[in-house]
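Each chain gets a letter, A, B, C and D, in the order it is written, and its residues are counted from 1.
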Amino acid sequence: MLPTKPTLYGLMAEFTEPDELLRAAKKAHAAGYRRIDAYTPIPVDGLSEAIGFRHTKLPLITLIGGLIGGIGGYAMQYIAMSVHYPLVIAGRSFDSWAAFIPITFEMTILFASLATVLGMLALNGLPMPYHPVFNVPSFALASRDRFFLCIEAVDPVFELEPTRTFLLNFSPLAVHEVKP
Amino acid sequence: MSAAISSIEPMTLDALRRKLAERGSKPLWRSLDELAETPEFMEYLHREFPKAASEWQSGTSRRRFLQLMGASLMLAAAQGCTRQESQAIVPYVEAPRDFKPGQVQHFATATSRGGYGLGLMVESHDGRPTKIDGNPRHPYSHGATDVFAQASILNLYDPDRSQTVLNAGRISTWDQWLTELRPALDRVRAARGRGLSLLTGATSSPTLIAQIKDLLQQFPEAKWHIHEPCDLQQHRYGGQTAGQRPLDKLYDLTKAKRILALDADFLGSGPDSLRLTRQYAQRRRDELSSAQMTRLYSAGPAPNCTTAMADHHRPLPAAKVRNVLFRLNQMLSGAEAKWLPSGLAADEQAWVDTVAADLKQHGAESVVIVGDSQPADVHAFARDANRQLGCVGPQGCVRYVASILAAAADGVRPLAELVDDLNGQRVAVLAMLGGNPVYDAPADLDFAAAMKKSSATSIHLSAYDNETSQHCLWHIPALHELESWSDIRALDGTASIMQPLIEPLYGSATKSAHDLLGVLAGEKAPKSAYERVSAHWTQWLKDRQPIANFDVTWATWLQDGVIADSASEAIGADAALKAEPRDEAAPNQDLEKKSPTAKSLEIVFQPDVAVWDGRYANNGWLQELPRPISKLTWGNVAGVAPQLAERLNLQDGDLVTLTLDGRSVEAPVLRMPGHADNCVSVTLGYGRTRAGHVGNGVGFNAYLLRGRENLNSAQGLEIAKTGRKLDLAMTQHHHSLEGHVEWTDNTRPEPVRSGEIADFEKDPHFLQQEFDRHSPPSLLPNFEYSGYAWGMSIDLNSCVGCNACVVACQAENNIPIVGPEQVRNGREMHWLRIDSYYRGDPTSPETFFQPLACQHCEHAPCELVCPVAATTHSPEGLNEMTYNRCVGTRYCSNNCPYKVRRFNFLEYNDATTPVLKLLRNPEVTVRSRGVMEKCTYCVQRISAARIVAKREDRSIHDGEVVTACQAVCPAQAIVFGDLNDPKSAVNQRKASPLNYQLLGELNTLPRTTYMGRLRNPNPDLVALEADRSQAPNATVHPLDPQQLGAG
Amino acid sequence: MAQIFHPNTNAISRASIFGALFAVVIAGWLLDSFNRSDYWTEVGVPRAQPVPFSHAHHVGDIGLDCRYCHASVETSAFAGMPATEVCLGCHSQLFNKAAILEPVRASLREQKPLQWNRVHHLKEFAYFNHSIHVAKGVGCSTCHGPVNEMPLMWKQNSLSMQWCLQCHRHPENYVRPKEAVFDMDWQPPADQAEQGRRLVELYHIAKLEPAGAAPQEPRKSASASKAAAAKSSPDDYFEEEQQTGAAPVVKFRDPLTNCSVCHR
Amino acid sequence: MDHEPTNQELIDSHREASHTEVSRGAPVLKAGHTFGSVTDQISAIVLSRPTSRGWWLGLAASFVLLMVLNMSIAYLLLRGVGIWGISMPVAWGFAIVNFVWWIGIGHAGTLISAILLLLRQDWRTSINRFAEAMTLLAVACAGLFPLLHMGRPWFFYWLMPYPNTMALWPQFRSPLVWDVFAVSTYASVSLLFWYIGLIPDLGTLRDRATSRAAQVLYGALALGWRGSAMHWHRYRVASLLLAGLCTPLVVSVHTVVSFDFAVAIVPGWHTTIFPPYFVAGAILSGFAMVMTLAIPLRWLYGLQDFITPRHLNNMAKVILCTAMIVGYGYIMEIFLAWYGNNPYDQAVVANRFTGAYREAYWALLFCNIITPQILWFSRVRQSPKLLFLIALIVNVGMWLERFIIVVTSLSQDYIPGNWGMYYPTFWDWATFIGTVGLFFTLFFLFVRFLPMIAIYEMRELVHETSEHHAND
């Protein structure tokens, strides 16, 4: 994701209201920009769709994690108790499946949760302590009360001046150039 | 705490009786307070945290704390590591011949019980004795032993044993002693022995007696005194003329259908208790019909094993035994005319008459047994009674033999004479072979003062540097019975050779009585004990069979542990009467004045069932042994009847001052249901000051009350409350005395199932329930135990609660002791405990025993909850405990409905004292702190047997594996074996209709099952007692004048 | 807003997350393999002895029988160590001046026993009995290795519980004919599995013996043993069978793996 | 949870949520707040506000207790569990009581953030953060006890399945092993959930921070969060999934804990009512503890705007409801003893009412059943002081409940011959008080260095409320 033009990462418009950002994002997408991203202090409904993001695989990852945990959990107990070292315990059968349920369940949850969290981080490409957008001085407010729309320079439709003017149409507070 | 308890108001007996009545069907109860449920008692119980600071107080110093701190953390670290530490293997230089390393050997020997012999079979691991059992060939053991024999192994290895010769308290040597003694001895010899006094305990050792007699011949003026503090037959030294020998009684209970035991604990103590217990239990177990079954009556001051087993027990002051016998003889003689008043209360007399009728009816099949603590004339009465019953004689229930103990006939003189001599400066050399007179001589003799006064050269041969050694110029450390050669004779005269099992632990400094006598006799070349013993018996054999090969015979003697046909002949009853004549008038003169009244109480002195006369005071196993019934450990008490306690407003643990003839001691009170009213029973042997680390300062010294005239019981005791309180260490009742609401108690199944023989005859299965016949259905598949299936059966009908099994288990399985504080916290470690329960009227309840150890359930609840599989089930059905896997969550114990598991809450095993390591059974792991343990069915014995069997490619025979508790049991109440072997003894037992599972309703399928207790009450007496309970006050003042007059 | 981190912290931070998980696994693996390592178990580490006694010489070269010195191996839990007099039985004649044997002579002279350094050390909570193993066809070399090639004695096997269990679970892989027990050169035949199973039957190894039969001839349910021959792990230890009508029962054999065999 | 919620649904959910809630009057957030104001006010507590003396005192006090804990643990390792009052038959004492108590407390946090999230209760936002923190700390305290109560704690790892030269495994049929898995799973999942929730706020703190150190610290923890729209999207999905996973988990944990008792055959333990009644009890004690913490906090840090009477009111209702369920549990125990006609169970019930520990039993009935009843009155629910008092009482009551369950059942079970009493020693108390110290020490550090209220969720709240006003 390093910019082809090393001088510039992209252009970033700064808004005060989520709705303005939402409108701008929709327009930008309509205008054919694809390499765009929006940065907000709160999750803004519809924003990700506005910039053309549809759908995440996260639930699938969770499911897989859960299955691994569950099956693995039961297998571990079955093998330990009735294959590897079968011992007579209180006259119970070696495969007392009923007694194995709690651990199977806990293992399912554990692995599913781990999968979810790691999956989320991975898909989001986090951790990423360094990112060009942090070069924008006022971006610190992105975690307070400012809303940013960034069009990246790598976007085929991106032309520095036209894009700047395009962004200015939405009367943002400012339009910043984002150093790589 | 003490404040808490003293605030309790006692509940009146009537109220207790009412409560019992309310409960409808007679429930079992454990203690008076449980019965009472007094609000105040609850109150005390609600102070849940009285001990809050105990651990803090008993905490260690800061410095020690830090040291240990480091240690413990290192320990924690070290535990993980397993890298091999360097360890040496040390082979012999020259291996002894018939010896295989790592193999167990057994040797027959014998031990002394107040002078009488008990045959032993001692187990030896690589040359160190580790376990003592009975010698099956010995007539008074039959393979069983009592608690003392079991525990005496601990005395052998006791670190407190004296190890060097002491001269006035300073370390000296044997040779030093010899040289310094010579002048004194020479002087004595010059004076034909005048001034030489010898003091021994009661003895029957032929060699020793012969040796002493030689000495007395050499020194005609010398004197031999015998002092046996708890001599089982105190009356012996009364008014005998030389030449006469006192009598011993040999009972044969296999023939007895009716037994009347008067102040006699023939099942619990005495030189023949093992034999009698076996005979009694056998008949009780095998003759299950009201026509044949033995019926046991007992009357006596304090509850004990015998009173507990009795079908009818009558609390009775010791002094009134004479009255009872007097009355009994009248009834038996049947000559109405010249009857004198018996001095019994009306209801007592009625009781005696009913019993008399029953005895008379069975004539020769009945026997009267009088306790050895009763005076001579009472025994004479008993002899009359038995003669009238016709049970005397070789075929009868009782025979008489001349006592084999050294007695006046052998020139023995009483202790009092010695004290006079000491005070009169007539003693130059005083040699005490064992004993501890300074501690246990009658108080009015004041032996200590006499010792101080006298200028005699005093020598004390003793295993411990005890109270007496302190007063002696010389102390010579004595050998343990397992360290030296000697011999001894049993009650019936059967002799046994005592052979050493181990080289003296403390080298040549330790000596035997034989050695010491050798010195006194001035032998130039002192013979060894072995030479003396063998010499004596060579002679003995020569006299009888001149041609016999001594070495061969000797070998067989050693092997058998008994000397063939060495028993003595019986004496006919009439001869017996001549032997101990009595003044016909004596009894009824004494009848009244000797009887206690509410004002002046009677006191009864008894040897303690655990420390005896005090000689076992330093034995931790015995100190921590729960006394039968009371479950008291670590101390003695003044036992009183509940009704007396009620009148005097006494609670358990209250400290009282007992005063007798101006002498007084402080003692804690314990209320004993079934104790005689107006009577206080104390046990001797406590309050030692120089017993050792274990025994010092435990309990109170009852000897301080004991006068020479009344060694066993006395009148005129005064009792006064001090207001202070002692927290008694008891294993059963602990502090969980609060009772249950009736509506639960009626439905709670009773752990001990019992009934009457009559009901049994109607329906033999009357004690069984559904699940006892076939186990309830289960969803889970059951395991099939196709190989051995070990199981146990315990017969509650036979068990007399003697505790031998508890100590045997402790000895076999390296079970530690924990001390009184831990016992109070409920942390005793005994794998096998004997629960006791009462039923019925608190003044004389029925008592029940129930030995309880791991039940080895097939569906063991403990196994299910162990997180690390430290307790599992073996294919042979054992519930196994793997100590080294245990992490100590204690969950198993919580889930054990029998609560038979024991936990090492702290580091209980003494891992530091070297000599104690010799004691341990190498076949059993020594458990460390934080580990759970429990009964294993002596799995080490099973494994040993299995290995032998597998080596010989056969299967284990029935009876090849014997658990420690089974081996020791005199009553044969415990049987162990293979349930898959239809012919096995244990299966025979389990086939009995009395067989039942404890808590079987939980479907735990216990491998240990019980046989219900059957009682054989006398209908007439039942009716009689029913009337009496209408008027409960009848028992409270047994000697109220009107009733006397009526008599 | 200024950047707080340098661009390549991105790579580092991502690596760190998964690196952490990885590190934990590695650490655990290292610990385990250390615990099994010869360094820790001292397998193959010769032990110095007061007298440099060479099994290689006495057994390998001279061909002494094990039982000559370890006399109680067939009758007792402890194999036994030779008394000094046993050594001197020969060495009073042979090499009776040799310097290295001085400690032995000194031992007899001063009646002071020799102090050998233990090579095979079992924890005190593990009970091992030589006699029964020898009696059931477990050869010396099976556990002690090629003693006849050891100049100084060393441990051939870790003596860990897992190691014991290998044989206790599948004796047929290890047992040999009784007569070969003390044969140091015995090697398992090609059909050891077959032979082994036969010997297991023959010596009644690891079969519960059904009670009731006459004590003389070994009691053993043929059916069970046949089943055993047929079964393969895990069924070596138990077989679950539905009995018609009766409640289902789990039959199981092999007391060899129950805890009290070694721990009491 | 593989069904993927579209944003429209999310929007609607929040819409209607805010509708209903606000229409009920009391606001979940004081009006007049903006994105900026909430952000600054909350982050200021961590970043700029000077540390109050109250905080220092609190920390010091807790730290002292923490040292008491260290002492008792040291002495425990040194002497063994015998320093406690446990005995035969009562082999479990304070250690297990405290374990269950702390675990119970640990339930509110996850419950609030998971179940209330699924139920779309937007009033949870301002309390869920420190409720979750409380959960973690409580579980940490709880986790200590199973370790400490072992006879040989240095072998704790034998309860975990790992390859070893003994060829041995944990015994998976044992409820204690279930505990190991349940508690560790619960701890780790709660930690994840809590941390995920923190990430955007850490970003905020990173951006607000002035000192380099703070920037690096929070920056590192924030993982470079930059509020990208796509991130937000996945972030929300992940939160929902975790919530979905935590909900059964939180129920399972205390169910498993209750199995420790229910699986055993001890009369008074062996009953089927235990799982639901333990879970209810857990929620009860959890909310009580949240209340115990929330009320002083909002007063100390002037957070009345965020933790409004509305929150207290709702929590009070939850307490009242769960208290009733717990009460039902008690009644069922008694009923079943009578109806099942099991003499042993009946004996246990009788023993609880009249036996040695009856005072404790009566006290717990008062604390857990009687006291919460006054929450029927809305005036009570409005008064923070009263609520605080009630919360404290319930905390005590729930501890007593566990004490009664563990101790009375064991002290008198089947065979009268082995009944016994349990007397806690100094060390029992010290260990218990010590964990309280541990809990509060960590909690004080938490409120000082992390935002105790979810800032971004508060911003969302601002957004929604303003939207709503816009719609009027």
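The rule is simple: contacts are C-beta pairs under 8 Å (C-beta built on N, C-alpha and C of every residue); 3 or more make two chains touch, one makes a residue touch a chain.
In this text, all values refer to a predicted model and were calculated from it rather than measured experimentally.
**Student:** Which one of the chains is closest to the middle, using the mean of its C-alpha atoms?
**Tutor:** Per-chain C-alpha centroids compared to the overall one single out B.
**Student:** Please work out which of A-B and B-C is bridged by more C-beta pairs in contact, and write that pair.
**Tutor:** B-C
**Student:** Averaging over Cα atoms per chain, report the distance between subunit A and subunit B in Å.
**Tutor:** Spacing between the chain centres: roughly 81 Å.
**Student:** Counting in whole Å, what is the centre-to-centre distance of subunit B and subunit C, each centre being its mean C-alpha position?
**Tutor:** 47
**Student:** When the C-alpha atoms of subunit B and subunit D are each averaged to a single point, how far apart are the two points in Å?
**Tutor:** 57
**Student:** What whole-Å value do you get for the distance between subunit A and subunit D if each is reduced to the mean of its CA atoms?
**Tutor:** 29
**Student:** Can you list every residue of subunit B that touches 2 or more other chains, as numbers and ranges?
**Tutor:** 781-783, 861, 864, 866, 869, 872, 874-875, 885
**Student:** Two-or-more-chain contact residues of subunit C, please, as numbers and ranges.
**Tutor:** Within subunit C, the residues that touch at least two other chains are 1, 4-5, 10, 13, 165, 240, 250, 252, 258.
**Student:** By residue number and range, which residues of subunit A touch two or more other chains?
**Tutor:** 84-85, 87-90, 92-93, 96, 121, 127-130, 134, 139-140
**Student:** Within their complex, state which residues of subunit A touch subunit D.
**Tutor:** 18, 25, 37-51, 53, 55-56, 58-60, 62-63, 76-77, 80-81, 84-85, 87, 89-90, 92, 96, 99-100, 102-103, 105-107, 109-110, 112-114, 116-117, 119-121, 123-124, 126-131, 133-134, 139-145
**Student:** Residue numbers of subunit B touching subunit C in their complex, please.
**Tutor:** Spelled out, the residues of subunit B in touch with subunit C are 82-95, 100-103, 777-778, 781-784, 786-789, 872, 874-876, 878, 880, 882-885, 923-926, 936, 939-940, 942-943, 947, 950-951, 953-955, 957, 978, 980-982, 984.
**Student:** Can you list the subunit A residues touching subunit B in their complex?
**Tutor:** Counting only subunit A, the residues touching subunit B are 87-93, 96.
**Student:** Within the complex, which stretch of subunit C touches subunit D?
**Tutor:** Against subunit D, subunit C makes touches at 1, 4-5, 10, 13, 28, 32, 35-36, 158, 160-163, 165.
**Student:** Provide the residue numbers of subunit D that touch subunit B in the complex, in ascending order.
**Tutor:** 74-75, 77-92, 149-156, 158-159, 168-171, 173-177, 180, 260, 263-266, 341, 343-344, 346-347, 350-351, 354-360, 410-427, 429
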